[in-house]
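Structure, as structure tokens:
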Amino acid sequence: MIIILKPEIDQQELENLMTWLRNMGLEIHMSEGANTTIMGLVGDTSTVDINLLRALDCVADVKRIQEPFKKANRKFHPQDSVITLSSSDDKGNSFEAKIGGGHFMTIAGPCSVESPEQISAIAAAVKSSGAQALRGGAFKPRTSPYAFQGMQAEGIELLQEARKATGLPIVTEIMDLNQLDYFDDVDVIQVGARNMQNFVLLRELGKIRKPILLKRGFAATIEELLMSAEYLMAGGNEQVILCERGVRTFEPLTRNTLDLSAIPIIKELSHLPVVVDPSHATGVARYVRPMSLAAVAAGADGLLIEVHNSPKTALCDGQQSITPEEFDRLAKDIDAMRIAIGQCNS
Amino acid sequence: MIIILKPEIDQQELENLMTWLRNMGLEIHMSEGANTTIMGLVGDTSTVDINLLRALDCVADVKRIQEPFKKANRKFHPQDSVITLSSSDDKGNSFEAKIGGGHFMTIAGPCSVESPEQISAIAAAVKSSGAQALRGGAFKPRTSPYAFQGMQAEGIELLQEARKATGLPIVTEIMDLNQLDYFDDVDVIQVGARNMQNFVLLRELGKIRKPILLKRGFAATIEELLMSAEYLMAGGNEQVILCERGVRTFEPLTRNTLDLSAIPIIKELSHLPVVVDPSHATGVARYVRPMSLAAVAAGADGLLIEVHNSPKTALCDGQQSITPEEFDRLAKDIDAMRIAIGQCNS
Amino acid sequence: MIIILKPEIDQQELENLMTWLRNMGLEIHMSEGANTTIMGLVGDTSTVDINLLRALDCVADVKRIQEPFKKANRKFHPQDSVITLSSSDDKGNSFEAKIGGGHFMTIAGPCSVESPEQISAIAAAVKSSGAQALRGGAFKPRTSPYAFQGMQAEGIELLQEARKATGLPIVTEIMDLNQLDYFDDVDVIQVGARNMQNFVLLRELGKIRKPILLKRGFAATIEELLMSAEYLMAGGNEQVILCERGVRTFEPLTRNTLDLSAIPIIKELSHLPVVVDPSHATGVARYVRPMSLAAVAAGADGLLIEVHNSPKTALCDGQQSITPEEFDRLAKDIDAMRIAIGQCNS
Amino acid sequence: MIIILKPEIDQQELENLMTWLRNMGLEIHMSEGANTTIMGLVGDTSTVDINLLRALDCVADVKRIQEPFKKANRKFHPQDSVITLSSSDDKGNSFEAKIGGGHFMTIAGPCSVESPEQISAIAAAVKSSGAQALRGGAFKPRTSPYAFQGMQAEGIELLQEARKATGLPIVTEIMDLNQLDYFDDVDVIQVGARNMQNFVLLRELGKIRKPILLKRGFAATIEELLMSAEYLMAGGNEQVILCERGVRTFEPLTRNTLDLSAIPIIKELSHLPVVVDPSHATGVARYVRPMSLAAVAAGADGLLIEVHNSPKTALCDGQQSITPEEFDRLAKDIDAMRIAIGQCNS
């Protein structure tokens, strides 16, 4: 951390500042110029409140050199994190799916769980196309209080039924801590974009030992996403999967603008696996395929894809879902793309 | 709502669609052109899922004509809503402050409650300068898990002490439903920008009968803010105060970009009062004054201003707080500005 | 400027770098820590290419301390710049209008010059309401090649006629250097938002001695606006008026989001006068009034307001124009607001 | 185009409007509801001024159904446009490179032309790695008036020398119409992001018969990019190559946010080829490779890649350039990716 001091500076205030910084265990290096004096702070600055320093009378500016996240930081954990999902079907077969460190995971399923028939049909279809996990919304964040809010607890039960039939581990979104009991037998808990900075929720989810799929808020910086992962990890839960799902810009032809450059940046800064959700990012089914392939080419560890057996009558977000047939072809092409990108990276 | 149909259209599918729409109580007006057929829907379209329609094979596009919010809509509630805060001090004096319909409210106080001395000194100071309510953070949303998270329940008690001493009603932020019990004796519950779309929280707060100060998310559209107000109001809680606190843009010299044109737009679309928070929007104490005056001139019903008796040592966000002396002068100038704007609007 | 060096660093490369920096007349202050070595550069760093430094193998990051603009910088020119427009009518009366340093200027007129009757009627009206300058588009930047492109040279002649009749100095936009001859007898040359970084145009306009009204690009940072002013001033033209006209965000209810916090920031960083264009920023006539008053309250030195005598049939942008009657009332209220803000600042 | 009329409407004004619309050759379809009357306009609405309609007293809103661009529109030109570059070296060998309709083009070279040695070395290197065209900046748009502005006319001569040696057609940027003479013997004229809405320049370039590479402005919508292409094509120049190079967002870790979903959208809306510039978009050399592969996977027709033989001493933008060795490997991997994406699309 670097503190740039103001030109004319009260000596007593400076000494107070230096004492305070040294008491935090930081080493100070002064660099005095004709117009500007600079203080370099060496040590663990992740707990220093940068705004507090900026408010001091003697300080012109403060610049951070080190990232403010530690457990999510690749510097302190150079190898890729690998997260394993284990599940079994009702015939006693066991399944295992991994993500990270070269393992790729396709998570597919409907936006919302709507009926036993719907979820079981889609689960069977995406399983046979090679998906490794099943997604489906039970608790649904909806902009309008008058819109369908999901099947809630019943939806989670239907996902569990679908897991029994197919062996696919299930991924579904929690909206509030009070719903936590319903997630006891869920394999991956999703934290939605709107909850990325619900710090109370993150802190509690940091106490459990189950993979969390953390979606980037649609106006969150990459650093903020990693700070939210840090909340989960600070509590001891190291099974965090990050998800890029688009950021809000002025462009009206897509719901959000998918930020694929976030992939190589996240993989550089952090050891955590990162998946891409092209369905929510674009909001348009026919852009899911090119954006899925692009995400793989950019280095994503997985994809989160909406599949619906009858998009025309889906109760929500049907517009952005692809059909099982489209998914089947896409899954094959993702494999081909992974081979190509593997060759590129070999 | 207008549905633009695709050029070549299956007659059976069209009839299904028309039946489905009529079953929702909507009247249909067809307009057939050479290349485009347009369906005008007349009736209450606020519950129609626009994305579902867009996903239909026969539909090219759907455009909404009516706003999707009702209780927050000025069309159905032409007069300004007025919200009254009542409180009393420990000498038995009663106080009343109103906002909306020409009543202006200045809410001032520290970013965080830090100590009995701090909050009582600031409360006394802002009261004597004319503030009508006291703000102060007890539960603090912080980007870093390692940063000070607020005095929590104890902070609320200190605010209540300050209310006893000054009679100022208190405004403080809730971060999670589990904290709700602590807010029993809080006058206005603030929902922060990061929770603007925490729909479970909004739904529960809609069930209580206490004013809610709802901050605009930093990437939320004005319509989304009003839809979140609609969540509160759909539950029967009509005491909603909206707050503009800046949106995220590419400009790095302010924390966020204060969107003052939101004020006349909100007042046109809705009957709810709207306040501006120049402290969080800009993040810089010396811009609080010009932005406060500009907010009043733009027609805001109130201001939310951070005041700290020792900004240099504030435990959070000191950089954006002004001193009690600066607030005193600003409060006088807000009065002068209100007279001017009143003359302008007379 | 601060250079943060990488942990393990080639000594020879470091010496080459230091020699190169010293040859640029910079003094170097080293600050060595356990993990990071920092180089503080003292001297005129405005010509140092920050990207070149960042590309060096031994450099981890570079941070600028000083602003990269000089002539536009308030540090080197603490007093407000005042710009004077002089004109005369055909009866031989002389007029003078000033902007900056406490002088306020309202520039009003139609989006486009459309006919002799239109421009002379509007000019007379805004003059009688107290406007100090007349604006009107002759060369029009239009998104569509099929739209009306302005009356061009003839439009400038009509503006000159209107000046003769009223004495109002005229402000009109140049779109390309090849049009420069037509601007010989124009009082203020406007550079539009889309041309803010047309550096060839700026360089040429820097060679003439006539006030330039420079509009902020709708995705330009404040620093970039000041760097474009620097282009003009580097050529010796110190008569630059800056204009805030909204930035592009995700909010669809206004054409752009007016960034009023830019006003106090620009006035802090620069000595140049700054005006606000609420008409183009919002794109909606009924928001022009509140945003005009807010701009004055925020400290703007002037306003650029579209006025049309028959907005319904304006050939362009009629939606955002106010009528002469609305302008008359607004002009009075701007005066009242200026008195209020003057009292606030006294 | 759909006009939504206000509830209570003056019959005379309505008739005037209908007459005016019919005089423009448009057919009118009325749809009257209880609260809203809707007018559907059928015919060529691309020349109708939407803002003029919105300003009418009787109009509540206007919504466009058809795109406002025609020559760039795939609807009226279903097949992909293919653009051919022909060149020859000084040994009399002829070369031909195509882009669009399945033909892929890699354009590579330094940010700026710096010296005969530099450009000839890079040209030879990228040629041997398989690039089909050479890029290099001669006239450089620079934010600071004090920065290196390019070798200008001399830079173009050096590019021509490099073409003689390698046979690679050359691509370089024009900044102003006054430079047009220097571009007589340039193969592709680049219009930079800052000039995307320099309509005078576009109109003139529409008169020549030479391919134009048009970069998307960093705050331009996709529709605006296509409207700028329409400016070129309206003049008769149909050889337009579009370029996505990132949009401005709040994310600070990349210079801009590359919008790869623009690729499938542009290819859906238009028949013009589209290339991606990952170097300028990200501003970081090590992200060029993953973003290049992702662009190919998303369906781009080509890439524009900065290559420098000594990035550490490049006179501009060295940070974002890759080395010839990195380019050589990337070019091979782009080929592998193209085969994969071809298989995916077969």
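A, B, C and D label the chains in the order they appear, each numbered from 1.
Here, a residue touches a chain if its C-beta (ideal position, glycine included) is under 8 Å from a C-beta of that chain, and two chains touch if they have at least 3 such contacts.
Bear in mind that the values here come from a model prediction, so they are computed numbers and not experimental data.
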{"item": "Per Cα centroids, the chain farthest from subunit C", "value": "A"}
{"item": "Subunit A and subunit B, separation of their C-alpha mean positions in angstrom", "value": "28"}
{"item": "Distance from the mean Cα position of subunit C to that of subunit A, given in whole angstrom", "value": "41"}
{"item": "Rounded Å distance, subunit A centre to subunit D centre (Cα mean)", "value": "32"}
{"item": "Residue numbers of subunit D (touch at least two other chains)", "value": "219, 248-250, 252"}
{"item": "Chain contact topology (line, ring, star, complete or other)", "value": "complete"}
{"item": "Subunit A partner contacts - residues on subunit D that touch it in the complex", "value": "219, 221-223, 247, 249-254, 257-265, 268, 281-282, 286-287, 290-291, 293-299, 333, 336-337, 339-341, 343-344"}
{"item": "In the complex, subunit B residues that touch subunit A", "value": "46-47, 49, 51-52, 54-57, 68, 141-149, 175-179, 194-195, 197-203, 206, 217-219, 224, 227, 230-231, 234-235, 248, 285, 311-321"}
{"item": "Subunit A to subunit C touching residues, read off their complex", "value": "2, 4, 27, 29-36, 38, 40, 42, 60-61, 63, 65, 248-250, 252"}
